[in-house]
Amino acid sequence: MTAVIAPILLILVTVGWFVLALFPALYEHFARTDVGPLRVASAATDIRYFGTSFQGFVTTQLELLRARAQNTVPRVTSLADGSGVWYAPAPDVESSVAIVFSGAAQHDIARGLVVMSESSLRVPDQAEVLKELYTGGSLETGSGCIFRAILAREDAALGPACEVLRWVNTGGAFSAGMESVLWGRASSWGSMSLSEGVRFQRIAAPRIELGWPQRELKRDMKERPLMVAPAHVTISASRWMVNGDLDVPAGQSITADVIVSGKLRVGRDAAILGGVRCDVLVAHEDSIFMRSVIATGRMVFGARCHVTGPVVVEGEVVLGDDCRVGDGESQTTISAVTVRAGNGVVICGEVWARQQGVVRALPSQITQTSSAA
Amino acid sequence: MGNELAGIATTGEARMNAFLDVCFWMLVTVIAVLVVYTVRHYIFTVNRLFGRQRHPYVDVSVARWPAVTVLIPAHNEELVIGHILDALLAGDYPHESLTIVPVNDRSTDGTREVIDDYASRYPTLIVPMHRTEGASGKAAALREASEHTSGEIIIVFDADYVPGAGLLRQLVAPFFDPQVGAVMGRVVPLNAGTNLLTRMLDLERSAGYQVDQQARMNMRLVPQYGGTVGGVRSSALASVGGWRTDTLTEDTDLTYRLLLGGWEVVYQNRSECYEEVPEQWPVRIRQISRWSAGHNQAFRDHSGAVLRGDMRGFRQRLDALLLLGVYVVAPLTLLGWLLALTLWYGGHSVSGWIAILLVASFSTVGNFAAFFEVAAAARLDGHNRRVRLLPFLLLGFLVSQMAVVRSMFTFKRRKNGSNGVPLVQWDKTQRYRGMEFGVQLTTNSSSQYTKHSS
Amino acid sequence: MLAPLRRRGNNGTIIDPHRSIATVRLSVVDVLLALGVAVVTSVTLATSLGAIGRAWTWMYVQLAGPLGFTQGVGVRNFDSVRFADFAVPYFQAQAALPSSTIWWVTLAVTVLVFAASFGLRDSLLPFAYLLRLIALVQCSALAFFRIAPTRFPYDLPHYTSSMLAVGMAVVVTVPVLLALTFYVIDVGVARKMLLTVAMLGHLLVFIPLQYALHAYLVMHASLLLMPLLFMLFALLPEVTILIALYGWGMSWRASRPRARRE
């Protein structure tokens, strides 16, 4: 009897012990706890996504809040989901401005009240609003304020040393005072103006002005003599291919795409009409790039350079004073790990500083910095 | 007499030992190659998990967008062709710079009618091409369509793909880099949960794109253009001679011709697009057989040029070579296995604890690298629990191995037709999606805001 | 103090980077910890080799009688393992060469298995391939024992003890394997230890059972079965166990938010 049972038991125990290890796999196979496809976003990614979708949310909530409002006095109430909101109804006098915290203690708002105002809003110095803030009019803040997120239907002006933790979107002009910090996304349907010392990550507007008041600069499209390809340049499929470095002499131009495995130095007032790809770019003052500029390392533009196409850098990009990137007719994108922009820089489109961008006065001779790049 | 017999026996013994020694060193060589691939898997996975991620072009969302032609080769695709046209029309690529060309190649179902209906409704956007003659197959369809396009960039989708609204811009963005010749996006199985096969393929795809392709992008190696959810620069295509019609995998072939021509192929992990994966094993076997046959054809065609150093950089060359040889691993493994069996029967033993450790290490650590890659990919995707299916992949690998080995013979015969003319025809994967998917697609694309998403 | 709020949604949950750019955090401390766990486990294993061998021997002594190995259990010492008194057991019994009847019966079964593999439905195709592989290996054994049965170089005691030694080697590689592929993952130290113990514990029980079963089958079905058991039912199940448990471990939730490195 044992001679029969023992081997059967051995088989059962061995196979059973083996299958025990497979239990998590078999369970997942039969229970099917994780079978869905990855969720692929069908909507386009837009920097204003949070702003526009929050607007939709606000619209539904405002109807409820308006229905509940008995007078025009701001008060603390609740949203449809029960969360707290500081709500300022439309005032009797159209031009009046509501002041956050009238009717609520500062720490209540900082602790977790959404702020919604039907009309323009003013936020006093050092205020903290750690939930979303919405204003149907414009927004004006004092200094040292901290916000989680801001949606303003009209203009918004942040005072000095303010901080936005997640996003800000304005229907009108947006400005940030000196030494403010814009984490996440800042976008405006109007113009954007960031004072010196402002730090940012992702910003977008039809026209972004950085630092001191901008001057009107015309791109000089005069005819420049064509550069003769040096011996180490290979021309292939209308591209200049360079294994090593390339210097474009001052005042000359190249019409082809330029691909340089090393450093590309572009002399003063030179122009490249094709796209550029290099490791390091050093562009001296007044140089012009009519298409995209891509670098795997670093990019330094001297004062008053013009770039029309996208600027993509896998490291740092330095924009000298009064540089112009994109224009009113064709907005463009700057993408870099860090962005350092001098005063008077104007960018039309979007800037994505993956770590951080900063508006900071640059040394007067930016080309000296360039040579060290 | 006795001495003679003893002598013969000794000679036989010596011959046998010599034969076993040869087998042994062949096995060592096979294992060495497999170790290289193991190390490659491991390096890629570690790089993807912990390294610096390169996705330099993905932020480009505002620009003056170039003229783009989207080619959709289609052969009997009446079930799905409408979905992709709807999806492309709903996209945010500027319509004035966009031309959609469904290339209907000898469909015998209602594909032509569906395409013509769309073309009549969007005459400026959709310019159909109906092929009734000339060489058959996807590559031939692409070649003919490309010759008639004027766009700077050609984006290719298979007919069963469903691009999201922002996908075209994402795929076009890398072409602002003048060195980029081709771009590849990530393919995501839509029918991932249908059965065990689709779940395994979902894991494999995840590893292939999320880890393998992205790691190659990170390390500036050789990301591969995959023939769909990707695109190619028209001038680059022209400079390397256009699409080849005598290859089973025109995508792999094009990848190598571009690389050898001084262009760069880039991968965008963020540019995701749904596809359908095979739901039945025979369909899967046909798919992988075609891939491996085409890939091995590319190996024969391009390995020499890669070795001769027509590409920049040792690392890129090495990766290009290893990528070319990726479907040679299956027959090599089979060979190694046969050699091991022969040696075992012959009693050839490398004695000692070290040998035992080596065998055990290779069986465990060596086999593990691929599983590490799959598991890491699924974790990065945030779908941890499906990693539990890992042991089932052993069965999938077994089927793939057999299919790849078999394809080395069957596809060779198919390629050379009886009259010597290359015989590359439509070998498309079966579609499973129903018409009702179109409704679902429309519902999903109207994004609904929830406050919690910000 | 407000910095964490930058990475939180409005309902307080942490906003993970998109999967396409997400990475796993790995600090120097994590690497040192991974190495530490691997070293501690390896040292513990190395110093326990003798005890493990004795435990397996005890197990075989208990199994010998019921399984019909009347001559008892022998022990094979591995002198080359200098840091431990490592010895593995084997059943003291010699398996016979296949008789003509066994050979023909095995051939018939092999043909049946091969034919049956074609009858499986499409969804079971991998199992059909597995059956064909089994049939193929068994065919090689049939051919060998038809042509040169006396040249078969293995006997049962040597096979059992060698395979136990290889199994032990697999166990020894587990900490290295996990150090490379699991300890670097962000699942927390406790879970790393849990998976290590699960893998080692499972294998240390499975391996002696597996080869006791092999010994029993070879003893009763002759040496004709040994090639098949060696090629497909020795290391393969062990590796399958490792992969299955590894898959379980890798399915555990991360202990930290994912990172973003650009």
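To keep things simple, chains are lettered A, B and C as they appear, and every chain counts its residues starting from 1.
To be clear about the criterion, a contact is a pair of C-beta atoms (placed from the backbone, for glycine too) under 8 Å apart; a residue touches a chain by one contact, two chains touch by 3 or more.
Just so you know, these numbers come straight off a predicted model, no measurement behind them.
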{"item": "Furthest chain, CA centroid comparison against chain C", "value": "A"}
{"item": "Most centrally placed chain, judged by C-alpha centres", "value": "B"}
{"item": "Pair exhibiting more inter-chain C-beta contacts, A-B or A-C", "value": "A-B"}
{"item": "Between chain A and chain B, centroid-to-centroid distance (C-alpha), Å", "value": "34"}
{"item": "Whole-Å gap between the CA centroids of chain A and chain C", "value": "51"}
{"item": "In chain A, residues with contacts to at least two other chains", "value": "22, 24-25, 28, 38, 132, 149, 166, 354"}
{"item": "Two or more partner chains touched - positions in chain C", "value": "10, 19, 240, 244, 247-248, 251, 262"}
{"item": "Touching two or more other chains - residues of chain B", "value": "54, 196, 272, 381, 384-386, 388-391, 451, 453-454"}
{"item": "Interfacial residue positions of chain C with respect to chain A in the complex", "value": "2, 5-6, 10, 19, 63, 65-68, 202, 205-206, 209-210, 212-213, 216, 237, 240-241, 244-245, 247-248, 251, 262"}
{"item": "Chain B residues touching chain A - in the complex, by the definition given at the top", "value": "54, 56-57, 59-64, 91-92, 164-166, 169, 173, 176-179, 188-193, 196, 199, 202, 235-236, 238-239, 261-262, 272-274, 312, 381, 383-386, 388-392, 441, 444-445, 447, 449-451, 453-454"}
{"item": "Residues of chain B that touch chain C when the two form their complex", "value": "42, 46, 48-55, 58, 186, 195-197, 210, 214, 269-270, 272, 280-282, 285, 337, 340-341, 344-347, 352-354, 356-357, 359-361, 363-365, 367-369, 371-372, 375-376, 378-382, 384-391, 393-396, 398-399, 402, 451-454"}
{"item": "Residue ranges of chain A touching chain C (in the complex, touch as defined)", "value": "2-3, 5-7, 10-11, 13-14, 17-18, 20-22, 24-25, 28, 38, 130-132, 146, 148-149, 163, 165-166, 183-184, 337, 354-355"}
{"item": "Contact set on chain A toward chain B in their complex", "value": "22, 24-25, 27-29, 32-38, 40-47, 50, 53-54, 56-57, 81, 132, 149, 166-167, 204, 236-239, 241, 243, 257-259, 261, 274-277, 291-292, 294, 296, 308-310, 312, 314, 326, 330-333, 335, 349-350, 352, 354"}
